[in-house]
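Shared between the two complexes below is chain A, which pairs with chain B and chain C, respectively.
Entry: the complex of A and B
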């Protein structure tokens, strides 16, 4: 039982990341009809918002380090610590959560700029062209980050208060073996909150209602005199913000490097396809489902039965689901079927 | 002209041609020193410069090490050309290095990114050999790339001085005449670490291995398992993880209820930074299992990794080839030279690459030629000192350097941002030595 609970928790936090990226991908595909291969790179840019926030908060004064005698070495003392003492240290400690404040405007602006400057020229072009241009964009973004921050992962720790692990087992009457990192629990709850916010925005606001209507029948909404393209531009921006937030908050789990988005991109596309192209609910459900399945496939008991299953489970499930339900779990008729 | 005459004339022409050819060749065979000079790939004899290739990982799981390796190579080139403070050229003995390049030719270099991938490493090295005309190439931080590059070196007749490679296979099963390794190996780590593990954690332990799924991980797991099981430890499970997995949580959660009380991370570079950090996030170091404190061991350690892992590495045991805080004169000189150049002390990856560059250059000086078979013979069995590892020997039978091995521990309270590891014990060569026949393998011919 302990093992099952542990793998379930593991699947939930992994699934949270998949669901967030897939949600953004589906939003873009559902509104603009664009297959966005740059979405993984946008997740990575979000991670680097956290790195940038950390760097901003730790802007430092160079002080000669007398303890290094072999050569001239300098240690860096953050100005925040010099000016505010312990309070400054605490602010630095919260760099990752604070990076949300940076990620939202940066990602929104970036999203709008990408849509207006590049993507809109490809609306009427074949999907293959869209894939090529967005993949090219991903490479450009990666190389910019590599040139600016280097190729190596940059540690971005969670605040000390959530750095350890929670005794989840004792909460639910299991043994104390069942403990889980606090930050991963925070990430799972964060992903639920973001998903909830996106759904609430689309369901309970006039803007959201128009966007949903536009997703179903763009032309008819246009006939009402609504500038649906402008709204879709904002939706693109929102999808990019979702990816950015997912990336920023993921950095304490995986130190960001320029390549981190690519690792998620392929899996997220599988999630979108399994969930059903254009279905937001499907993307979220498939994200969590595949995260949990991947986690359970990593159990030693499972791997001893089918070696290597943890590496291929997601693709096996995708094949099985597409054979039974070719439109994915919650896919709509007519999407990508022309 | 009759058929006979035609035949006769052809014979005369052939004879005359042979005589002329022999006549032209004779002076160089008899009178020229290094008569083989014209017969090997990328021979720099007629040039004013000699080109070396530095093939290092600038991307991928071991990119940190690669960047430091390249710094070290650049410093070595500088020192070989008589620039800078000379570094370990001042302490290396017996040395024929002059500070005037190699055999009087100024050293130049090209570099490439091996991407921590065997196929990319091979392609990059091939480009260096065929396009840039390197006479030797060096570098790498993965045993998979090392094995691939050694094979290429043998095929193409260009010496490869391995960078950081720790798999036993490099100088056992996959040893090559044209490949040389200064770095220690997984067997040595096991032999050096086991007695310390017994002293620290006792004989009754249940170990769980997480292992990078390629040649280095496999041989390290095998070596550490053999050494610890000899102590009386039991291996609960050994699980392979893909190189560059990133998120190791799915492999770490099964450890928690496996009954194991020690986690051995056969990971290196970015993988080790991630797996160790995540293991600590899972509360493993705060746990009590089987009535004992849960422990984590990282058999192959480096300062760069500890820097990345931060707090998580404090108190963790492992082994290293060399460390910049050693007290010998050579280490001090090198750490100073490197520190002044780059503002940080060298890593063990940097150290081994710097040493390899100097050793190759010295072998050329000893052989009096760049001709690879002669350079190889000069390196085989070469005994030296003053390179930071105490007395060292390049064993002729497998091209493995034998020297002291360090057991290290993550410092609890570092005195500065570089002093992250402390030397627990300097293990003598005799404790880590093994027969040349161990692991099998054939070096292959001198002439490629």
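Entry: the complex of A and C
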């Protein structure tokens, strides 16, 4: 029982990341009709927003160390500490959550720029061209990040207050063995909040209503005299921001490097396929489902039964779904075929 | 021209194309010299990736199914070939045969599942399968693939056939074709001959009724299904053929350098072959080979560049400007070669989706029209026989 709950919990944070990326992907699929192979790279850029925030906050000045008297010794002290003392130190500690403030404008700008500059010209081109151009974009984004941040993963710690583990087990009446890192819990709640915000935006605003109508039937919306293509820019921007936030907050769990995006992209595609193309609820449900499945598959008991299952379980689920129920869990038939 | 002679004429043109191709490939060591590419190591990579891209084109160019997982078959081919070297003999022919068989079987299994869906779903499925193979090669299958170190020939391999024929040997033998070692120009010419054979087969496929059926899938699969043709077996056949081509390319990679690593199966490798094909020209016979040559040539040139050579190149500029230009250009060369690849990818898809072949045709058409123009001016009433028809 303990082990089951533990694996369930372990799946939640990864599932949250899958759900957030897949949500953006399927939103773009559903409205713009474009397959965005660069979405994983955008997730990665979100992660590097956190890295940048950390670098910005710890911009340092060389200060002469007075305690050493024999020779000149210098230590690097962040400006924030010089100016604000302990408060500055605390701000630095909160670099990752604060990076949200950086990630939102950066990702929104990036998203708008990509849609206006590139994707816009591909609405009437074949799907193969869309895939190829976004694939090229993914490589370019990756390589730019690699050139500016290097190829090694950069550790970005979570704030000290959430450093330990939560004794989730004792909360729900199980043994203390079941503990769960605080930050992962934060990430899970954060992903729920973002998902809730996106759904609320689509459900309760006029803009969201138009977008939902556009996902159902773009042509009819056009016939009503609504310029749906103008809304596409914002939809794309939102999807990119969601991916970026997912990436920024994920950095304490997985130190970001330049090629982390592609693994998440492939898995998120599978999530979208399993959930059903163009179905937002499907993407979220499938995201958590696959995250939990994957964490169950990496249990030692399961691995000793079927070696290597943790590496391929998600793909096997995708194959099974496509063979048995091609439109996915909650998808409509015939979306994005040919 | 009389319609009755057209098939015959087409056949003659194909024969000319094949002969021209063969001569061009075999003479590569000569005419590549001015480009600084005339060394066997690079030339045989041209030939091998030419085969890979040509096979990919049979699937993507003819049927329009965009696979993002073809590198998996290349990797499988390499692994099989090295295993054949280890277990049976270091002669390359059995290795190639086994590699083609095994990668064909892989392609059959993966294609059977993936082809149940079309469009984007197909691309995603093939990508997922390739990632799966890649992950497995690095984790569970390390006894088979030797993980990150890569699979290679060792002293203690059984090599049953070799031992049977010439007795046990304690040396690490070189891969050979009945004694001809696959090193230097021998390796290149072997690859070149295989490339020409592969080109011939691709040409026959493309000209056959089967090839026409594949093109019909690309132009309108629904219509094909409505007319009562079950199109999936044709697509599957194309998938398997292209998988076998990829396996052949992988085997040749192993023949010229008996070391197989999982990084050959990575998604970047799958993307690269897509790029080669579209750079050369999707659906054309020569295009993919041309694309492979261009990409591998550029890769070779660009990754060899460094800061110093760049300063040499841009030395004519004023100092401040030179440093700026070198910094920007430095992003694209050496380690940053992949950035060039990605940028090239985007530029190509945006501006010239037809690739080099289409570009050449456009330029050719323009030149012909330009040359035909004065004549058309003189014989204004004569029927247009300049040949510069729009569809040309």
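What we mean here is this: the second predicted complex is superposed on the first by the 324 of 338 C-alpha atoms of A that agree within 3 Å, B and C clash if a C-alpha of one lies under 4 Å from a C-alpha of the other, contacts with A are read in each partner's own complex, and residues count from 1 in each chain.
To be clear about the criterion, a residue touches a chain if its C-beta (ideal position, glycine included) is under 8 Å from a C-beta of that chain, and two chains touch if they have at least 3 such contacts.
Here the structure is a predicted model, which is why all the values come from computation and not from measurement.
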Task = Look at A:147 in the shared chain and tell me whether it touches chain B only, chain C only, both, or neither; answer first, second, both or neither.
result = second
Query = Touching A:136, do we find chain B (first), chain C (second), both, or neither?
reply = second
Query = Which partner does A:106 contact after superposing on A: first (chain B), second (chain C), both, neither?
reply = neither
Ask   = Touching A:266 in the superposition: chain B (first), chain C (second), both, neither?
value = second
Query = Which of the two partners, first being chain B and second being chain C, lies in contact with A:45: first, second, both, or neither?
reply = neither
Request  = Report for A:311: first if it touches chain B alone, second if chain C alone, otherwise both or neither.
outcome  = both
Query = Can you list the residues of chain A that meet both chain B and chain C?
reply = 146, 263, 311
Ask   = Considering the complex alone, what residue numbers of chain A touch chain C?
value = 35, 118, 121, 125, 127-129, 131-133, 135-140, 142-144, 146-147, 262-263, 266, 269-270, 273, 277, 307-308, 311-312, 315, 318-319, 322-323, 326, 336-338
Note = chain A residues touching chain B in their complex are 2-3, 6-7, 9-10, 13-14, 65, 67-68, 70-75, 146, 151-153, 155, 157, 163-165, 175, 177-181, 183-184, 253-255, 257, 259-260, 263, 294-295, 298-300, 303, 310-311
Request  = Over in the complex, which chain C residues touch chain A? Could you list them?
outcome  = 60, 64, 66, 68, 113, 116-121, 123-125, 127-129, 131-132, 135-136, 139-141, 221-222, 267-268, 271, 274, 278, 331, 335-336, 338-339, 341-346, 349-350, 353
Request  = State the interface residues of chain B toward chain A in the complex, per the touch definition above.
outcome  = 58-59, 63-64, 67, 237, 239, 242, 246-247, 249-251, 253-254, 256-258, 270, 273-274, 277-278, 281-283, 286-287, 308-310, 324, 332, 335-336, 338-340, 343-345, 415-419
